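Below, each structure is written out as structure tokens.
Presented sequentially are two complexes of chain A, the first with chain B as partner and the second with chain C.
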Partner chain A sequence: MASVATTPKPTTTTPEVAKKRKARPAGPKTPWWMWIVIAAIVVFCLFPFYWLINISLKTGNDLLSSSLFPPNPTLDNYRSIFKNPDFTKALRNSAVVALSTTVLALMVGSFCAYALARLKLRGKGVILAIVLTISTFPQIAIAAPLFKLWSDIGLFNTWLGLIIPYLTFALPLSVYILVSFFKEIPRDLEEAALVDGATHFQAFRKVVVPLAAPGLATAGILTFIGAWNEFLLAVTLTSSSKARTVPAAIAFFTGATEHEVAYGSISAASVVISVPLILLVLFFQKRIVAGLTAGAVKG
Partner chain B sequence: MEAASVQQAGATQPRRRSKGIPERRLAIMMVAPSMILIAIVAAYPIIYAVWLSLHEYSVRVAGLSRWAGFRNYSNALSDPAWWAAFEHTLIFTVVSVALELVIGLGMALAMHEAFKGQGLLRTVVLVPWAVLTVVTAIMWRTMFVSPYGFVNTVLGTQTVWLGSEPQALIIIILADVWKTAPFMALLILAGLQVIPGEIYEAAKVDGATTWQRFARITLPLLMPAILVALIFRTLDALRIFDLPYVLTQGQNGTSTLSTIAQEAFATNRIYGLGAAMAVLTFIIVMIVSFSYIRFVGGNIRGLADE
Partner chain C sequence: MAEIEFDDVVKRYPDGFEAVKHMSLGIRDAEFMILVGPSGCGKSTALRMIAGLEDISEGDLKIGGEVVNDLAPKDRDIAMVFQNYALYPHMTVRENMGFALKLRKAPQDEIKRRVDEAAKTLELEQHLERKPANLSGGQRQRVAMGRAIVREPKAFLMDEPLSNLDAKLRVEMRAVVSRLQQRLETTTVYVTHDQTEAMTLGDRVAVMRAGILQQVDSPRELYDNPRNIFVAGFIGSPAMNFFGGAIDGNVIHTPMGAVPLVDALRRSLESHSSGRKDVIIGVRPEDFEDANFAPEGHEGWTFEAPIELTESMGAEIYAHFDFDSDAELESEELRELQEDAGTSDVPSSSSGHAVARVDAGSGVTAGQRTKLWLNTEKIHVFDPSDGHSMTRVSDNVGAA
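The block that comes next holds the complex of A and B.
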């Protein structure tokens, strides 16, 4: 599948051939079929999202035509969802829950990650294994007991009732990413601070944390996306727009209205809640990729 | 590596005498909050789930319960609906992860080639990953459900995609592949980028064909990255809930281990049975997860000590 065109004659080791081959990568020439492959990838990735936007710009009878472009593009669906309190409240709930989860996970997780990355501690492997295992817990196993427990103690349908279980995936994620980032910070700077009489904790707070800002940003972004996206717990542990987050709210839009008209506004709402995440991806592409692949390639 | 770290520790030992809390105690204090939180938010609910699963709860009188032993488990395991959900989850996991691997590998190889706009392509590829799973479900619904969708128009068919038995599961698989193949591609791409180019040059000089270079160099060296990606995705796929919940409410041959348990305790309020089903899912995922930790155990240790 890989570059057939770059190696026309895969034999002989004469110096001339070697020279020719060396000259090739210097030019920005990409074989034509590569562009087809690339175009296919772009269409594969973007077309479904385009279709959603297309639907969100249609109203009335336009919705019933499966046309590739909206015949009479309109922003009516967008106006209507922002007038829908179920949607605007869900946006607020999502923002509060996702941000709180992120801040909590980063604070607690960075302490743990620093100790694992830098300090002397017995049983580090065990602690990391516990953290990793927790991150693979199926949410259903948390949702079932919490559904009963939260009803009994009054945390059902509250922000806190979501933030607490969200830490089960947010905390391991930030610990795991931060450990690999903390390890990349040169030790010398910390050593210098220690020689100057700083305590380990001061070295962490004043030297390591500022230097690890990119790592904290990466862990923060991934945690935020995870919390913004979470569905099972959101749908199980809430019952009204008081605490229901956006993914759950949209799912209920769908369930409640079997009528055709709702497709337009559901699509509009879907576009609106995807935009913050797509912007994050546009601005922090490198950081996100670094975070996703942290630990996956090393070792 | 061992020798190097010993040397380093030896060299820095005398300078390490800093004031304040002793290092080991500080380390314990810094790890403690996370461990306590994990105990509260993860360990306690699981234990409570096991306790719930061993009891029977009255549907009529709230709070009334009695010891049931393993009856909830035997009920779940003798229920054809649970086995159907198990089968759907298994089919979904195997087929979607396999497709994601093949498509992700292809995308990674294409993205690894040098061309103008490489960075842009990487951003494009992240779009499906960034789209919420619920939105993914809505998206695929709007493509397949007539008359809004184009699929029936293009194919000239009248299929009720989400209402037919194998079709509904196929759409859920396709939606999942769309959303996560790019993630797979990025993990594999990261693996590709650490393979030194000289190896290929040497192989070319020795007359290896493109296919030989792929099969004998690329694939073996990519194996660790592929394994990690595969296991991550498998664990994720076994928990699948959002897509079937939104697309079909678990109807038409799309119930999964998670949807059937959620239905039992949240919709039907049969806490004991629901908890038993949740615990069964937990056990299945943990079995796979432990094989994962044994597989990439070296990776974890690599992170832990230095």
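The block that comes next holds the complex of A and C.
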């Protein structure tokens, strides 16, 4: 009998097979000492924050204790700051100012970045360099003149009075980030949209912006964090709880007497304003993961 | 449904480079027109001008009789398939295909109906809810086609739509494209650098080089009656063989000997010159044959040649042979043709070498001298000074 070469039957990819494939180690095993290094770094980074929480749970004489755990943990500090109208109003001010700054910076910034990324413009590099240079100016340089100017034109101690100067650092940042993201988007996609019947703006809004979402998220988070944490201008350009943001408001916290530093409530307030940032970053982490443009063009 | 007309169209870039030079071309309604040429010949630019993605520097472009020079792409009602498909990665296949209709504010149920219909035609039904990233190359290509056909546009523009597919899939998709165009009867302009696609797909083929339209004709006519050396060398695979020679009265001196001219050839040559004249001779590989297999009923010339190499294709054999060439083969056109093909520095592509396409039953072997037969009725003769064909029957470049 003549022997005939047989072709082995192809195995189909069942979930079990896929699992087995994935189970293969991706690289060399992490050595034990690496874990020690990692642990050290984590402790180094997170301990100050832990200590902040630690203090925020202590009142009275406990504040002087240096034990690793609060002897009598209490939420009194939190209760007191939320009863303090200066703090709650400051929270509202912070939210309004930071969100407005972010939204405006993303809107104006994306238009600007799109133009810089796509248009054949002479001196594009120079414009981009100038944009970046502006964001490096020390804020103290503009704080005093702005105080004078804002007082004269009635923007002192208003939300808008903070949003405008915040845009000076938020815009360059978002423009810079978005330019690189827009450049990555294949031009063919926009052209396809144009031929499909879209106006330039529709092509931008329905094709470019969704694809640059990771860039928008990154720029948005950085802008929000910057505006939320800003202290110098907030202190200089506000005078009451009408527009004062949380970082500035915390600086004016007083204890029972004028000379007592309110460590407890300051710590509690600091924890409270850190939480939105942590949530924000955790939430958007998935969006920042690249690979959204996969499959757009031939892979 | 519409005809497209280029009327003396020029595309000039700001640096003065002319990508398309005074192009006049009429594309009939429901016609499948191929623009073909080596890379950088201006074929894609011409296509993008129809789409409205490139400005027109001079001349008029008409779609359906209306000058569209200043019309935005969205107002031209044409669909385009891009080389890299340009699918919207954040949309599902269904959304991709329905995008144009959605922009046009078509009712939801109509969008659904038309997308389903197109998906059925292209066998994409089970992929409608997937994202482009999860599709294979062939599926993506079909989605790109689907995106064009759901619109029922005035014309399809295709920019090398098959060049990213592997060879087998390309052949399959070529048939799909062809069938689709015949069924929809939509004017189609198809850009490719692949002369096989050009020959198999088009009703008519426009050959371009360096921004200039060389010849517009049916594939058959391009093949049998090329207008100049460039077209002759570009169309056909393996390419036409060229060698230097001279006509002198009733004979044509070739490296294979002094071949008597057949009457038809002699008559068309007489109108060009009298007396002896140096020419470039072109012979297609299939117009050579093993002398033992020479077909009946054709005038021919038998000669002996040293076979240098044989390539068996199964159904036929490509026999490479050398010949002694005393006539220096010099032509600007030929040199450019070789440059375009990227073979200018390959020694065998210069004069002194030819390919014959002989019967599979032929016993040609490399290293031996074999008797070959040349079909003298099919000789092409070109004027070395301008590369024009001296044997071409009629001359109607660019006529609609």
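The criterion applied here is as follows: the second predicted complex is superposed on the first by the 240 of 299 C-alpha atoms of A that agree within 3 Å, B and C clash if a C-alpha of one lies under 4 Å from a C-alpha of the other, contacts with A are read in each partner's own complex, and residues count from 1 in each chain.
In this section, contacts are C-beta pairs under 8 Å (C-beta built on N, C-alpha and C of every residue); 3 or more make two chains touch, one makes a residue touch a chain.
Since the model is a prediction, treat every value here as computed from it, not as a measurement.
Visitor: One more residue to check, A:Thr30. First (chain B), second (chain C), both or neither?
Guide: first
Visitor: In the superposed arrangement, does A:Leu75 touch chain B (first), chain C (second), both or neither?
Guide: neither
Visitor: Looking at A:Leu160 after the superposition, I want to know if it touches chain B, chain C, both of them or none. Which is it: first, second, both, neither?
Guide: neither
Visitor: Can A:Pro186 be said to touch chain B (first), chain C (second), both, or neither?
Guide: Only chain C is touched by A:Pro186; chain B is not.
Visitor: Comparing chain C with chain B, which touches more residues belonging to chain A?
Guide: It is B that touches the greater number of chain A residues.
Visitor: Under the stated touch criterion, which partner chain does A:Lys148 make contact with: chain B (first), chain C (second), both, or neither?
Guide: Touch partner of A:Lys148: chain B, not chain C.
Visitor: Between chain B (first) and chain C (second), which, if any, makes contact with A:Ala251: first, second, both or neither?
Guide: A:Ala251 contacts chain B only, not chain C.
Visitor: Which partner chains sit in contact with A:Val195 here, chain B, chain C, both or neither? Use first/second/both/neither.
Guide: both
Visitor: Residues on chain A in contact with chain B in one complex and with chain C in the other?
Guide: Of chain A, residues 191, 194-195, 197-199, 202, 292-293, 295-299 contact chain B in one complex and chain C in the other.
Visitor: Taking the complex as given, what residues does chain A use to touch chain C?
Guide: The touching residues are 186, 188-189, 191-199, 202, 206-207, 210-211, 213, 292-299.
Visitor: What residues of chain A sit close enough to touch chain B in their complex?
Guide: 1-4, 7, 10-13, 18, 21, 25, 28, 30, 34-35, 37-38, 41-42, 44-46, 48-49, 51-52, 55, 63-66, 68, 108-109, 111-112, 114-116, 119-122, 124-125, 127-134, 136-149, 164-165, 167-168, 171, 175, 179-180, 183, 191, 194-195, 197-202, 225, 228-229, 231-232, 235-236, 246-247, 250-251, 254-255, 260, 263, 266-267, 270, 273-274, 277-278, 280-282, 285, 288-289, 292-293, 295-299
Visitor: Okay, in this complex, where on chain B does chain A touch?
Guide: It comes out as residues 12, 15-16, 18-21, 23-24, 26-28, 30-31, 33-35, 37-38, 40-42, 45-46, 48-49, 52, 106-107, 109-111, 113-117, 119, 121-136, 138-143, 146-150, 152-153, 178, 182-183, 186-187, 190-191, 194, 204-210, 213-214, 218, 224-225, 228-229, 232, 235, 238-239, 241-242, 245-246, 249, 257-258, 261-262, 265-266, 271, 274-275, 277-279, 281-282, 285-286, 289, 292-293, 298-306.
Visitor: In their complex, what parts of chain C are in touch with chain A?
Guide: My answer: residues 51-53, 72-74, 78-80, 82, 84-90, 99-100, 103-104, 131-135, 137, 140, 147, 151, 157, 164.
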